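The first chain written gets the first letter, and so on, giving A, B and C; residue counts start at 1 in each chain.
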Amino acid sequence: MSMEEQATVGSWSGEVRRAVEAILMVAIDPVPANLLAQLLEVSTKIIEGECEALAAEFEAENRGFVLVRVAGGYRFQSHPDQGPWVERFVLEGQSSRLTAAALETLAIVAYKQPVSRAQVSAIRGVDVDGVIRTLQQRGYIDEISRDPGPGNAVMFGTTQEFLERMGLDVLDDLPPLGDFVPGPEVVEALERGLRSDPEVATAEASSDGAPSESPEG
Amino acid sequence: MSMEEQATVGSWSGEVRRAVEAILMVAIDPVPANLLAQLLEVSTKIIEGECEALAAEFEAENRGFVLVRVAGGYRFQSHPDQGPWVERFVLEGQSSRLTAAALETLAIVAYKQPVSRAQVSAIRGVDVDGVIRTLQQRGYIDEISRDPGPGNAVMFGTTQEFLERMGLDVLDDLPPLGDFVPGPEVVEALERGLRSDPEVATAEASSDGAPSESPEG
Amino acid sequence: MTPVYEGPFELLLNLILKEEVELYEVSLSTIVDRFLVEMEQLEDLDLELATEFLLIASILVELKTRRLLPGRDRLDLDEEFGLWEQRDLLLARLLECKTFKDAAVVLRGLAASAAMSWPRRSGLEERFLGMAPDLLEGVTADDLHDAFLRAMAPRPSVHVDTEHIAPIRVSVADAVVALVSEIPRSGSVTFRHLTRSLVDRIEIVVRFLAVLELYKQGVVEIDQLGAFGDIHVGWRPGADPSDVDLVDAYEG
């Protein structure tokens, strides 16, 4: 199915815009125009045109958010003039503690690094994109390599900042796991996460949505 | 600084909307109306009114995203009809479709909470420890109290995450359990299946005289 | 392997409701036999689950046996009450099981439609990151260690669970008293009428036993026009309500 096939001629441009809006709304990182073009099966030029039109629309409607092109991609973000309200929200409206679930995610990255999102997600049984994003934004973890296999998944590890916060000199100072042996379903989950068969990945991702977890509050 | 002070009279409502849009754009979890009210120094009622108006606006503009009230707060999410496009984009992430057993257990916890493992187990007629643990790991349910009686059994209930995954604002939005109580024909079928009355058995066997209240035509 | 039944209720529910298509074909004998066959085919049955299956199977077999027994007069009322109670609890649990099965279907639908939308989880923009509170405040390396073990913990092993729903205690004696005050007044009433205010099936069963008791004592007449027809209960002309023995022996 492509956009052209799906939409009637009159609303074709509208359909591209709606799909772009939907994808940008859920994207964690800026989405490159060529990726959008590939996903929606239209030219990059069309995507760029639609995004510009959308950005102008939001500007004209005086929205509290903007659509910007940043770091090689498009993303939604809060309007610069709403900074003071967002600051209030950051300072007063957010929990200052990691949830138990977020701590588990951080622990998995710390002990299993390098590890991919999919692997962590397989162990935790939930979608961890949001948590990984927060941990990365806070500088506790970062991309440290790429999986050499097909798909080239991003592999995460902990940062120098993390070590400092935990009062550790080197990673080996983490409390040892002893003779801990993970249960069979954990091993299986890891294997599944490591399997880089793209077809399987697609099939899994397209079944009805993984539950996701939030890192805070 | 409050909204009233900052904004001119004419655009006051518009300013609340813009701030709400900006905050929701950076929030990771649904933001409760009363938190928005507190941050923006207006009443919860006003926030609710503005959010409803915003949601209606996006709907009318036929956007690819929606503003919804879920799990006690507001959030942006992709429009349901854009699911197929978003799916193409969200390739990573662990699918974790719940099994029938997990769903039934979840239903019991949702409707009977607070409820103990033993109570769930008694209803399902099977041991539910593994399923309960899975649901807890995925964040759908959690320990919410202890039974004051002997044994101090852990009592389980559903979480915010559960509401989010079900797309519900509050628990009361679940259809009433009464809707699922089997109809008279099922009750009758079950009764018949377990009937031990020998006279009836004979009557059935010889099929003498049509039963006056048979559910079948 | 045969379809995996989560438990004895699911299996029994399935066996009975499958028969629902042909209501007149519903036969306890068939159901009991199939239940036993399915049970035999279940592999990897752990002790707890096996016990549950056996418990249900024994109730079923007893019901079937009772059905085949001629001459119900010789049955001990207490014994019969016990069997009825078991059957009734079984029914109640099957109904409960079915209720939540149907509720689960709705949850599946809710989850599926909610999954058509993805929430925004992009989080804070760079310019706000500096002011965000330090989430690792107070977290130690040991906390991290424990969190890792929690995350990797295998599912707990199956544990023994013998809790069952406590039977509702209702007494035949109380039911007899209620009937003695009601039936003579109305002359002749249907059993349906006598139980119209009752909710719990076990209460209805007890009331039925009370009617049987009054019949045994010769103060009421029972008439049923055809199988499944209404049961008419009439006060026998001349019988004295004050003569009725209150059957304390059948309490509870």
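Note that in this section a contact is a pair of C-beta atoms (placed from the backbone, for glycine too) under 8 Å apart; a residue touches a chain by one contact, two chains touch by 3 or more.
In this text, all values refer to a predicted model and were calculated from it rather than measured experimentally.
Novice: Quick one: which chains contact subunit A and subunit B both?
Specialist: Chains that touch both subunit A and subunit B, as defined above, are C.
Novice: Based on Cα centres, what is the most central chain?
Specialist: B
Novice: Using mean Cα positions as chain centres, tell me which chain lies farthest from subunit A.
Specialist: Here the answer is chain C, farthest from subunit A.
Novice: Need the CA-centroid distance for the pair subunit B / subunit C, whole Å please.
Specialist: Result: the chain centres lie 26 Å from each other.
Novice: Could you work out how far the Cα centre of subunit A sits from that of subunit C, in whole Å?
Specialist: The answer is 47 Å.
Novice: Where does subunit B touch two or more other chains at once, residue-wise?
Specialist: If we look for residues of subunit B contacting two or more partner chains, we find 25-28, 65, 76-79, 86, 90, 134, 165.
Novice: Would you please write down the residue numbers of subunit C that are in contact with two or more other chains?
Specialist: In subunit C, the residues touching two or more other chains are 111, 114-116, 118-125, 128, 155.
Novice: Name, in rising order, each residue of subunit A that touches subunit C in their complex.
Specialist: That would be residues 25-28, 75-78, 83, 86-87, 90-91, 94, 96-98, 100, 102-108, 110-111, 123-124, 129-130, 133-134, 137-138, 140, 162, 165-168, 173-175, 177, 180, 182-186, 208-209, 212, 214-216 of subunit A.
Novice: State the interface residues of subunit C toward subunit A in the complex, per the touch definition above.
Specialist: 111-112, 114-116, 118-125, 127-129, 131-145, 147-155
Novice: Would you pull the subunit C residues touching subunit B in the complex into a rising list?
Specialist: 6-10, 13, 15-17, 19-20, 23-24, 26, 28, 31, 46, 48-49, 52, 56, 60, 63-64, 66-70, 72, 83, 87, 90-91, 93-108, 110-111, 113-125, 128, 155-156, 158-159, 161, 163-165, 225-230
Novice: Which subunit B residues qualify as touching subunit A in the complex?
Specialist: Residue list for subunit B touching subunit A: 1, 14, 17-23, 25-29, 31, 35, 38-40, 62-65, 76-79, 82, 84-97, 134, 137-140, 161, 165.
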